[in-house]
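The letters A, B, C, D and E name the chains in turn, as written, and every chain counts its residues from 1.
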Amino acid sequence: MAAHYTVTTRTTASQIAAAAALVLLAVAVAVPFIASRSLIQDLFFILTMLTLAQFWNLLAGYGGLVSVGQQAFVGFGAYMLFGGAILWGVNPVAGLLLAGVAALVLAIPTAFFAFRLQGAYFAIGTWVVAEVVRLSVAQWKAVGGGTGTSLPRDARDAMWGAGWIEGAFDVRASEARDILTYWLALALAVATIGGIYWFLRTKRGLALAALRDNVGAARSVGVDSERMKWVVFLVAAFGTGIAGGLIFLQNGRISPDSAFSVIDWTAFVIFIVVIGGIGTIEGPILGVLVFFALQTLLADYGAWYLMVLGALGIAVMLFAPGGLWGLLSGRTGVQLFPIQRRLNRHD
Amino acid sequence: MIWVDTVLQGVLLGGLYALFALGLSLVFGIMRLVNLAHGDLIVFAAYLILMLVTLLGLGPFVAALIALPIMFGLGWALQRVVLNRVLGTDILPPLLVTFGLSVVLQNALLEGFSADSRRIPAGWLETASLPVGPISLGVMPLLTFLSAIGVTLALQFIFYRTSLGRAFRATSDDPVTASLMGVKPASVFAQATGIAMVVVTIAALYLGTRANFDPTTGPARLIYAFEAVIIGGLGSLWGTLAGGVIIGVAQTVGAQINPEWQILAGHVAFLAVLLVRPRGLFPRAFD
Amino acid sequence: MALLETRGLTAFYGDFQALFGVDLTLAEGETVAVIGANGAGKTTLMRSIAGVIRQALGMVRFDGREIGAMAPDEIMALGIAMVPEGRKLFPSLSVEENLLMGAHRRKVAGPWRLETVYDLFPILKERRGQPGTALSGGQQQMVSIGRALMSNPRVLLCDEISLGLAPVVIRDIYAAFPRIRETGASIVVVEQDIGQALKVADRVHCMMEGRVTLSGRPEELSREAIHDAYFGAAA
Amino acid sequence: MSPILSLHDVSKSFGALTVTDGVTFDVPEGQALGIIGPNGAGKSTLFNLITGGLSPDAGRIEYDGRDVTRVPPMQRCLSGIGRSFQIPQPFDRLTVFENLLVAATHGRGLPERAVEADCAEVLERTELIHVANRPAGGLTLLQRKRLELARAMATRPKLLLLDEIAGGLTEGECVALVDTIRRVHAEGVTIVWIEHVLHALNSVVERLLVLDFGRVIGIGEPAEIMASKEVREIYLGIEV
Amino acid sequence: QGSPVRIGYVSPQTGPLAGFAEADAFTIEAFNRIAAEQGLNVEVIVKDSQSNPNRAADVAQELIIDDGIHLMLVASTPETTNPVTTVAESEGIPTISTMAPWQPWFIGQQGNPGDPGSWRPFDYAFHYFWGLEDVIAVFTAMWDQLDTNKVVGGLFPNDADGNAWGDPNTGVAPGFAAAGYETVDPGRYQNLTDDFTAQINAFKAANADIVTGVVIPPDFTTFRNQASQQGFNPKAITVAKAILFPQSVETLGEAGHNLSSEVWWSANHPFTSSLTGQSCAELARAFTDATGRPWTQPIGFIHSLFETAADVIKRTEDPTDPDAMAEAIAATNLDTIVGHVEWNGAGVPDFAAQNVCKTPLVGGQWRRNDDGTFTLVTVENSTAPDIPTQGEMQPLS
């Protein structure tokens, strides 16, 4: 009567969550049919920040790579999209892929340099690399140098799918572009969360979790820590680059200061992840909602908004290092994206 | 001749960067604390000096002298109340807390002092110069550089010649064993941050007299300070000074070739040094 | 009356309990040895007394005071100095600076000053300017002991000072003990080297798995009993 | 029998401290070798050299007929060297089962599906099956030690290095653990075992090696080694 | 009484550019009062760009989408005007913009600023201010008043203004050359530079008597100090941006005396408001009375922006129709407190004629008073003779 075993990762909460997610996704896809443009834009903002946050969380929360230079990939990706559209007539939608690939290519020398550094040195090193990229791009005269540039009207009007949306929804061109970029952002965010969740459930994801807990032990059981670092860094750069391209595609204007803003694309993202709960998929989702709520509530108070944000970050670090999701799941044990493999015995 | 001048001016500029960096180096070396609010603390100190100058009608140097103990107390309290709680092997908590602090500080200054750019008046000293052969060196930049050397010497003395400095190094090596010697790590760290704030005040004096500052001036200089600390080597004070000089000279030489490369050249020098020596120029023998 | 006393001392590392109700007394001027195999909890006991592991109130008394809940620096200020396991020299300090650290907080007049420590371990005087970590293991151990003595402690806790040292060196180090005892300090030595422990101690406690399993005067304890207490009875 | 592991004149220093000093020995395939020696003798360091956590300053390490002196740790693991750590190093936030899954998938280069049953079996044998779904951070000492063993076994090693796996356990716990180790050995796994709990060690190993100050001062039959005056003196510090 | 015409207004109320928005509250308060008196049903919705171009674009979108504005007003440096105009243009919202030289505004918004063939006019965006050709005329006229060697050192940063001014073909250098001035341009530098030795050495080597440029205040202070320290003492320093506000000049102390710059508006200008009937002097005094601060150049322009808005709304049949509104803007013919505003293409190249209107520009010099405060004195008016001068150009030191 040898017992036999099966392995599952699902929990009741996760099954409910999965069902809810499907409904939510359907609603999200349908939003442009019912919602106002301002809601679509807010959702676009939430989705792109969420994407950035998920990738940073993958880096820092899972890979232990605390990068302060993700703006390099946002900005470089976005600039390649603009450069592609302006200089080589690349359709901006295809340009998104170009943005991702460009960021990936940039990530290779960056990683080569930054992986020589540890801990705080790594953080500062990535920041300096991002500055170097910013200053170099600011000398690229064809896309406006330090002035920046706008996406040419021809390129904007040629965006794949925008024309169809314009006809189908009977909206103005600018609104059609919003809908298109919203759908793209939705697809990117879903692919990001889905992809990261899938990855964490593979054996590589398990190894990543093991490395996070104990590098020495992980290496002794055959985990290739170097390669894991590379994989995580490159994947994060690729996704961050696409997100960057998308953000500035929607924005229509780019300048080195905005594209490589350490505050907008790294600091706020870190806030989102940490406030929500680092090292979980749920954390950034919760974090981005909190961030957005704060921004909406307090944006009219100028400096006070940022002070509150800063103080909240400090408070969370001091009193709830696991973030809001950590508090929540610590109390209730709920996990929406379970990755734990459970061994079930059947006699 | 232009090149000699360029390098000399770069060295003097390096003195300013070293002053920015020395406080950071102290805190980084003793507690492995990456203080992202350092630049904003310098700006804060500059406003403090400015207030003393305008409200009490003091000279900038006297005002700075009064600001020193105030800043020491602030640093002490900051470390005691906030930063001690996030020290540890994980670099993220201190990174985030000091970044939060930076944001809070910057915006509080913005509320309090508006975005107007201000300057600490230094009278005739501002434009005074000293001819050295065919080259003319500014008195303020010279004072800045001499102060950087002075601060390095003073910190070096505290570090290696006093019992407080011994406690700094011991606690930095091993806080638990240090506590077995009767050291209170929390209070040693607080004193270290207090001293770092004294250095910050000196840096603020020269930042504020050299050029205009406004509440957002801090972060732009922070990165140079970090570069100086890192290429100098963790915890090496002379290394930090050397690091500042390297960044300064790289910037002026870069600018001489083409002004577009000025800031870039500083960063590239940093990357190049780290590529060759990942632990900086004068690393500690262990850790 | 006992100078130092623990009553029902327990200690945990997370969920893991390392000590189960340890009672230990140390009289003024006495030397007590604690022996036991790896992981018996000897170091845990020392760290609990020194305050590195915080204890509940009522478990540790020193000179009539409750010290269980005090921080290590306060406890050391009262006169309990520790020679930690593994020497734990400060790598960025020179030999002399390491010694001076011992008197950082507790600066009381007494027999131990730099000169007298150098008298006790003359080799250290020759090496005073070198970083502590450049010394041999035995010399490092001397620094660690000297450092603890610098505070003129009333109680000296020594954790495995023979660890990793050659027998000759161990002999040299233990040769210093009579001089330390002469100054009136009470001593707790934790040892795996039973021979040495028995030689210097007035009383011996043998620990196993977080409990004291055997106590007595050295001459009362048979080698078999120690062997059993040390390795377990089934050897 | 050909040696599965052999060290030739291996040395390692940390600064001025020589921790491994010209160590040379062979372990024939299928044998169980015990290593004893005082604290700080360099036993754990020897393991780190064999698994690749540290690289030697001099000398050569051969495993399975190949020179592995400069091979990175994860490749040594893939080729069949498994180890336990003296201070248990579980992946705290993973469950016990996941701890084994990491080892089995990466240590053997197999997909998860292929090793799940095997991991379950190892858990049964190491009596951890009832805590399989608990985070490893919450285990007791015995369970941690068992997990060390189980995780090493999950890589299906040909050579298993155990570092003080019985230290700190009660007598009963120790006996059970020894039983498990004995069975692993019986399956033909070569074992090198560092242990202070001599009776446990001696009930398994066929040969004993004594290390002192990084030097091999004796290797041979356990009884013979234990009897030698030198060893008793060094090890127990009692003059006999 | 239908629903009000909604006007969106974006300006940098906080951040480094906040000085430009100093008079916002004062102006809008006056505008609302007059509008109520005149029975104009309008609502002004103000958004802060925080001096951040990203944020400027965001709030512009909010104004258009959430608040449903009918008219966009924007002012103060290309960092604010350009993102807002770009957004509004693509959304089809009529926009009136000011306080940025027209070249960085117009060319800076083109996809490829380097390729004039690709430049396109805007359908809904209208801008009024002066252009580089005016700066060239005013600066060279000021310098002509002095006895110099006609060598000019240029400080042009790598930002929107700096790139426009420093462009070797479309910037100021060709114009200077036409007026007989040779320009030494060491190259673009990054803002917030801590050292100007390279530029100073280049100017010294060329023996420049004049320095010009478009510099942010902290950098100008650094430059001015270093120049003195390193023994470089030009006869004239005429820069834009850095010495716009009296506060910035005051931080220079004595070194601020006789610095010169372009003047786009002053209390001395001979214009009156079409909205309130105030003269420039009266407006300036009203501002000082209300806020306790000295007048600054942006006050007039912010005021004129709302003057123009009121005029356009009055003339538009259906203000909710963007095309009608845009037509009304294009047809503007109004005398404002900053001069005449009419998009008739006067003095503007063809490619921008539809969207750009120019206002007069003169030259001024800061004079240090005994109490350490500074007064801006108009010293050059050959391009706008109806604006009176108050003194003559003086050399530095």
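The rule is short, and it goes like this: contacts are C-beta pairs under 8 Å (C-beta built on N, C-alpha and C of every residue); 3 or more make two chains touch, one makes a residue touch a chain.
Here is each chain with its UniProt name: A = Amino acid/amide ABC transporter membrane protein 2, HAAT family; B = Amino acid/amide ABC transporter membrane protein 1, HAAT family; C = Amino acid/amide ABC transporter ATP-binding protein 2, HAAT family; D = Amino acid/amide ABC transporter ATP-binding protein 1, HAAT family.
Worth saying up front: this structure is predicted, and the values here are computed from it rather than measured.
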- Query: Which is the least count of steps on a path of touching chains running from chain C to chain E?
  - Reply: 2
- Which chains, if any, touch chain C and chain D both? none
- Note on the structure: At the largest C-alpha centroid distance from chain A we find chain C
- Have a look at A-E versus B-E and report the one with more C-beta pairs in contact. B-E
- Message: Using C-alpha centres only, name the chain that sits farthest from chain B.
- Response: D
- Between the Cα centroids of chain A and chain B the separation in whole angstrom comes to 34
- Message: Can you work out the whole-Å distance between the CA centroids of chain B and chain C?
- Response: 43
- Item | Interchain centroid distance [CA atoms averaged], chain A/chain C, Å | 54
- Query: Which residues does chain C have that touch at least 2 chains other than itself?
  - Reply: 133
- Query: Can you list the residues of chain E that touch 2 or more other chains?
  - Reply: 14, 158, 188, 190
- Which pairs of chains touch each other? A-B, A-D, A-E, B-C, B-E, C-D
- Message: Help me check something: in the complex, which residues belonging to chain E touch chain A?
- Response: 13-14, 48, 50, 52-54, 57, 61-62, 65-66, 78, 82-83, 86-87, 90-92, 104, 108-114, 118, 120, 157-160, 162-164, 188, 190
- Task: Spell out the part of chain A that touches chain E in their complex, as residue ranges.
- Result: 36-38, 41, 85-87, 135, 138-139, 141-142, 144-156, 172, 174, 251-253, 255, 257-258, 261, 264, 302-303
- Query: What does chain A use to touch chain D in their complex?
  - Reply: 3-5, 7, 202-203, 206-207, 209-210, 212-214, 216-225, 340-343, 345
- Task: Name, in rising order, each residue of chain B that touches chain E in their complex.
- Result: 2, 5-6, 9-10, 13, 16, 110, 114-119, 121, 123, 126-129, 131, 136-141, 210-214, 216-217, 220-221, 248, 251-252, 255-256, 258-260, 262-263
- Item | Of chain C, residues touching chain B in the complex | 50-52, 71-73, 76-77, 81-82, 84, 88, 90-93, 97, 100-102, 104-106, 131, 133, 147, 151
